[in-house]
Structures are given as C-alpha cells and as structure tokens.
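What follows are several structures.
You will see two complexes here that share subunit A, one where it goes with subunit B and one where it goes with subunit C.
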Partner chain A sequence: MQDLGISILFKGTNFLRLLGGLGITLKISLISAALSVPLGIAFGMFMTIKNPVTRAISRIYLDFIRIMPQLVLLFIVFFGATRMFGWNLSNEFSAIFVFAMWGTAEMGDLVRSALISIPKHQYESAEALGMTKLQTYFQIIIPQTLRRLIPNTINLVTRMIKTTSLVVLIGIVEVMKVGQQIIDANRFEYPTAALWIYGVIFFLYFFTCWPISIVAKKLEAKWKN
Partner chain B sequence: MKKSLLIAAAAALSLTLAPAAFAEDVPYRTLDEIVEDGTIRIGVFSDKAPFGYVDENGDYQGYDVYFAERLAKDLGVEVEYTSLDPASRVEYAATGKVDVVLANFTVTPERAEQVDFALPYMKVALGVVSPEDAPINDISELDGKTLIIVKGTTAETYFTENAPDVKLQKYDAYAEAYNALLDGRGDAFSTDNTEVLAWAQVNPGFVVGIDSLGNLDSIAPAVAKGNETLLNAINDEIAALGEENFFHADYDATLADVYGDAADPEALVVEGGVLE
Partner chain C sequence: MSDIVLEVKDLVKEFDGETILNGIDLQIEKGEVVVVLGPSGCGKSTLLRCMNGLEEVRSGQILLDGEPVEKGARNIYKIRQRIGMVFQSYDLFPHKTILDNITLAPIKVQKRNKADAEREAKELLERVNLAEKADAYPRQLSGGQKQRVAIVRALCMHPEIMLFDEVTAALDPEMVREVLDVILELANQGLTMVIVTHEMSFARAVADRVIFIDDGKIVEENSPEQFFTSPKTDRAKAFLNTFEFEPARHKEAEFSI
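On to the complex of A and B.
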C-alpha cells in the first residue's frame, strides 16, 4: 500500500506538473516580493512623516489592507474591476497586484518601526554635521535599519510564498492546486495519495523557503558591523 | 462542506456585487466573437473527478469536459480551459471571464439572477446507501430506523421536512458520516446520489438502494447574463445531441467506471435538455 502511494508521483507527468505549479507559485510571490520591498521602504518613510494628513492616509491604507482577507482583495481586484469598470485584468496580474499591495503595507510597517527604533541622536548628529534630510536617510539611517529589517522581511517573503496558494480561487493553478488535482484524479485507485502528495508539497515549500533563510542569515552576519 | 471558504466567498461576493448599481456592461463575448477568435474559454473543475479533473498527463478529463470538447468541436473552435473552484463559478460566468461554465453547476434561482443557464445535461437527487445484508430500497423502510446525514446538506432538509419518523444522526464531515456507516452506528446514509454511488462502488458490502429521491436538481452550462447568441448556440447543441444519445455515451466514457454496473444512468443523465 505504501509504495503504491508514492508511485502516483511518477505516473505520467505528475511530478513535472507539481514543479510547474511551484514555478507559478514562485513567479507570483517573488515578483510581488520584489515590488513590495522598495515600495515598502518608501511607504515606511512616508509613514514616519509627522503630518496629520499623511499619517491618516498611511493609517487607512495599512488598516484596510490588514483587515481585508487577501481572498477578498483578490476577488475585488479580479472580478470587481470587471464589474465596475469593464476592465478584464488577467488573473496573474490581479494576484501580483494584490500581493504587492499587501506586501507594501506590511513591509512599510516593518520599515516604519525600524526607522523609529534608530535613536534620535543619530538624526541630530547628522543634522549637526550639516547633512540634508535625504543624506541623513540614505547615508545614516537606512544602512542601520537594513540589518534590523532582514529577519522580518524574510518572514514576510516566506509568508507570501505560502499565502499565494489562495490564488486558486481566481483560477491560477499553482502547486497546491496541482497537488489537489493529482489527489483527486487518483482518489478511487489510491485513497492514501493525499498523504504522499502533501508530503512532497511540504518538501517543495521547505526547499524553497530554506535557502532564503540561509541567505538572510549570511547577510545579517555580514552586515553586523 | 468547506464553511470557511463559503463564508469568505460570500463576503467577497457581497462586496463585488455592492457596486453593481454603477456597473459597466460586462465584456462577455458573443458567439461570433468566439468563432472569429477561434478559441472558446470554458471554465471547468480540475479536481472533481469524475466530472472535471486533470489526468496524469495534465489533460482535462471528465463528464463535463467530454461535453466541452464536443461543444467546441461543433462550433469549430479550440478550447482553453480555466480551472474553477465552487466559490468562483458564478463570478467567472457573470463577468464573462470564461465564455461558458461547465463545472457541475446546479441550477438555483439565486444563481439564475447572476448568470444565464442553458438547458440541463445532468440531474442530481438524493441517494441512500445501506449495507448489502440489510438494504434500504424504499423510503418507507426507514421508518423507526437511524439515518446518517451530514449537517447542512440537502439531505438534512429533505428528511427533516418529509420523514418525521426517521431518526437522524448528524455529522459535520463526510468522512465521519462514512465511518459511522462502516461501524454500523446507523442503518443507512443519505446525501447526493453521485456521492453515494461512487462511494458504494469502492466499498464492497454496501449498496445504493435508493438512487433518486427528493427534489431533482438539474445541472446546466452557464453563460454571462444576456449573452443570448452563445446561450442559443449551446441550447441548440444540447437539443441536437439528444438525437444521438450523446450524454449516454458521455456517461459510458466517464462515469460508468466510477458508479459501476449497479448504477442506472437514467438517474443522472439528461438527454436533449428534457427533464422527465
């Protein structure tokens, strides 16, 4: 029975299909993450501006994205844009758009907390040396915050990779969906397939997220000084 | 059923429907546009064997897909499949993101407000599965006996309203209900006939004594509201296919193995869009 379960992985092109699904997962999550990091840094700086109007704007944006389940955001962007404006956005574009918006909000909040954790005297010393606001940010503050940001950013990226499994609801076939397709197509012949397929998916996710963590650790050690 | 999924989908739907008041015309494609393009976009299930699933070579298969292939062939176009989930079917058809939804789509009045249904090509009712040595072949045989059901299903509603003498034993999940039947905690189990037929086929010692009970639900293709040219083409196609008993051939090719010899195709198949 046990070797029967694993054998469905090698039936036809099943394993290649799983890898293809992983490719879609990575494509959507990594593009979203790549957009989220710079946009999030900008948004985080925007959040620290001491002005009631910009504060209100950033607060509303952050809370809106945080409170809304990503699933609802996906539905609103993908179907809502068609209903309201007649735009026919592709499902992958909608997914990347939603995840980049979410990533920007989360990343922005991380950047904001990292920025305010830099002691005030760092800003004041820079000012005393005659540096402009932008010089202070790019030469003094941001280099110091980057190291503090790494663990949380990696956490966000791996969360993004896992959360993209929601995109099946707008018709994108990613690794989880391929897994379910394989399990279902074999449910009469191999009832134990689920365990094997989900086991394989576990390893696929693990070997995707693990290298990211290793790189992050290395960077963190390198930037320590 | 996946409650969390349904709730989330309902929330999403209500949000997308709210602005419908100032909605633009949904950009669906008419029959001419589809034929001109040379490709029809059909939404099917990709993980609901035997109705719509993907085989080990990555090809779409199943009862719905068999019909989809024929429809495309007769329209003279290629098919591009989109994998749908139960919760996204209405939106996909309503917004014209696929031309046709062929995903085991049960016709309900609520859905008919959002999409246009063509003629039915399948029907579903309740089925009752029981042990072979103590079979239940008629609803009257259930009086005073214990019937296993899953909460929130049409079976629960039907037996609560129509069979007060049947003792109901309710479970949250299908797996629990089947285990209860296997352990003999109840005399029979009732849910959709497609579900119990497939289960009885792989669980020796159990038979589906009643294969069509309660309200008959029909399953039909759906298109965007107002897409009349495509709707008429599908209706003509279904009527014409009735002449050659196409859906019986479809049943033999896709469902017969799953439901076995014991099942009667007449309990599921609808020919020519005519429900008896």
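On to the complex of A and C.
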C-alpha cells in the first residue's frame, strides 16, 4: 500500500480513539492538578510555620516525593497497597492519588518560596493599619503570592500532563497506549504508522499545553507589578 | 493627666537574651511632637515598634488613652487603627494602585463608605501634591513620592498619634526635603507625633521635646533648643559631635607649599 500513512487516522474510529485517550490523560492530570493547587497552598503555608516538628515533617514528605521517581510511587500505591493492605485500588484512582501527592509537594514548595519572598514589612504595614491576620493574608499576602506563583504553577501543570504518560504501566489506556494499540494493529498495512500516530500525539499534547501557557502569559502581563 | 495620649511605663525589651530597652518611661501629650534621637542600635526604632504592638515586650506597659497596647492581645487590631505608623522602607502594597493603597484599610478595616474614603484619600493626596498619581502603581513612583503616599495612607485612618520610623533614611538626599515638609506641616496642624530620625536640623525644627536614648535607656530629655546648643549630658554632647566635621588638613597644606 503506497498511499500516505496519515490515512490511518481516518480508518475506523482511530482519531476518535486517540481523542478518547487524550481525555483520560487530561482527566487524570487535571483532577490531580485541581487537587494539588489548594492542597499545595495549604502545605506551603504549613511549611512556613517556624516549628522544628512541622519543619521536619514537611521536609521529609517533600524530599521523599521528590526523590522517588513517579513510576516507583505509582507501583508502590497500585501494587504495594494491594499486597500490603489488601486494598483494591482502581488504577485511575491510584494514578490520581500519586499525581496529587506529587503535585501537592511541588506546589507546596513553590508556595513556600513565594510566601517567604514577600518582605516582612508587607505584613507589618498591613498590621500597622489595623488589619487582622486574616485580612492581611487575603488582602495583601495571597494576592501578591498568586502573582508570583502563576509561571511556576503553569509549568507544574504542564509537567503533570506530560508525566501522566507513565500511567500506561499500571494498565491505564491513555493517549499513548491508544496510539500504540493503533500502531500494533496496523503494523503490516501501515508500516509508517508509528511516525504518524506519534506525530499526532505530539500535536495533541502541544495543543493541550499551549493554551495553558498563553493564559499564563496573559495573566502575568495583566498582573505585572 | 487627661491629655496624655500615649504612655510608656518602665518598658523592658529583650531580644535573643540581649536587653534592647531597659526601663523606658515616657508620656506623650496630645498635640506634642516628640523626636527620639540616639546612635544606631540604641533601641529607638524598637521603642517605636513596641508603641504599635509590633514587638513582644519583657515587662512594662504601653497605654494608648489608658488602654494597653500589647502584641497578640485580642484588641490589638482595634488599637492599631488609632495609631498611624510609617516605616523606613515605605512598603506600599505593590499590587494595588495608590488610591487603593490608601483606601484599603479605611474600607476593609474601618468599614467606611467607599466613596467617602476615596474622596478623603484624594484630598490628602492633593495636600502632598500627588493628586495626579491616584491611579498609578507604587513602582511608578519615586522613593520620596512613595513615602508621602505611605504617610497619607496612615493619615487616612484618622490616627490619634503618628509614629515615624526613620522615614527618610532610605531616600536620596534631594527627596528627603519633600517628605520632611509634609511632616512639618502635620506638626503645624497639631497632630501628635513620635519621630525617630537622623536628620538633626529637621529634628530641631519639628520637635517640641527631644528624647535621647543610648543603651536602651533615656539618657536625656530636653527642649530642642537646649539639646542642640547646650546638652545636659556628656553622652549627648559626644553624640552631637559626631555630626560635626573638622576641616580636612590637606586644605591648609596646599597653602603652605
């Protein structure tokens, strides 16, 4: 068969299947990101508490999650939890759980560094104006922190989207896996399928992450202070 | 006694085991301008910060109209609304416009009507010649302008007393004047103020009373005229001498060659 390999996309429901796979990818990464951002903000505030015990706890958590490859974490949760405790976790739940834990750790560290980068005098001038701790946080500190956080948070979310390709290994059929299935099923009919399918996946990832960075740039420009 | 606004009673403040303030007694009357002088590290800024409940104290008391000013106390937020404070580093809120910087606390803290607060803020800005900057952001202002906005921000809360903590120390020399002029005008209007400064001629011009602090203690309390011409204590004399300079020798040497 000498026609272009790209026609593989239009064979049967191949393209729709790829989009479905992308849907799974997005579902896992966006749910994890949506959990990570608020939990990370809380964790970041927890990390700024000046107490040796909370410091040690947050340090251990952060380092543990950071040092472990995400793949190992996925295996520990998905296979390990079943063996150890007999929990029958679904693979999607395990994936979301691991990515949310990872995201919380990374987001927490971003929040921590943003919080400590706000000068002490910002707190003091707010308090000198009679604001309560809560008012100081909501009116002065958090708005400034959010502005500083935008670029790094977007970076983290796009990293989460890309890293979800690992979940294939605990049996989740996401966009990469769908692509491999299509390639394998058409190996003889379309020998160049790999190039085309992976090329399309590249663009799917690109057009998922690109709008996010555009929004981030807009926000950054709007809040440039 | 009734016209004493702020009273400091036997205040002791320690930091990391070091005594910063060691038994300060001070009374500030309504309408009085008290200037606090002293060498760096003598505790004068710490004293000012204690007066606004920003520092924990070891012992002693600070009273605003008889009510204790105490860090961590439940009503400290209420008390602080009645004390205006301006810091060395101005610290405007960078994410808010000049107008919002000024009206934020009146609206959110004092729950005042937005339109009223804005009208007053604009009037005050007019008085410090910054009316046209109302919609600008702090980064678009010079240091002197920012400091004047910081003063207006504190004034808009209608404080009973204003505390100025070395407000010109971080400014370029030519911007010092515009800020000090604003404070002088406030003094003329009868605002009660405590001023920590290194500007000696300004101190002399604005003060009703000079407090000289060294090693955490009040060494001398005097009228500005007496303090600057004939100080009572040797320590104050030595301090004032550090602002005098002998003419450099090379000038004489040039003539003799």
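Criterion: the second predicted complex is superposed on the first by the 220 of 225 C-alpha atoms of A that agree within 3 Å, B and C clash if a C-alpha of one lies under 4 Å from a C-alpha of the other, contacts with A are read in each partner's own complex, and residues count from 1 in each chain.
One rule holds in what follows: a residue touches a chain if its C-beta (ideal position, glycine included) is under 8 Å from a C-beta of that chain, and two chains touch if they have at least 3 such contacts.
Quantities reported herein were computed from a predicted structural model and do not represent experimental measurements.
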Is A:S125 contacted by the first partner subunit B, the second partner subunit C, both or neither? second
Now for A:P211: first (subunit B), second (subunit C), both, or neither, which partner does it touch? neither
In the superposed arrangement, which partner chain does A:V72 touch: subunit B (first), subunit C (second), both, or neither? first
Determine, under the contact definition given at the top, whether A:R187 touches first (subunit B), second (subunit C), both, or neither. first
What's your read, subunit B or subunit C touching more residues of subunit A? B
After the superposition on A, what does A:R147 contact: first (subunit B), second (subunit C), both or neither? second
Which partner does A:G23 contact after superposing on A: first (subunit B), second (subunit C), both, neither? neither
Is A:P38 touching the first partner subunit B, the second partner subunit C, both, or neither of them? neither
Residues of subunit A at both interfaces, subunit B in one complex, subunit C in the other: none
Residues on subunit B engaged by subunit A in the complex (per definition of touch): 8-9, 11-13, 15-17, 19-20, 22-27, 43, 46-49, 53-58, 61, 82-85, 87-88, 91-92, 94-97, 198, 201-202, 258
Touch list for subunit A against partner subunit B, complex: 8, 11-14, 17, 69, 71-72, 74-76, 78-80, 82-86, 88, 168-171, 173, 177, 180-185, 187-188, 191
Could you please specify the touching residues of subunit A with respect to subunit C in the complex? 119, 121-122, 124-132, 135, 139-140, 143-144, 147, 223, 225
Residue positions on subunit C within touch of subunit A in the complex are 52, 54, 77-78, 80-81, 83-85, 87, 89, 91-95, 104-105, 108-110, 137, 139, 150, 153-154, 157
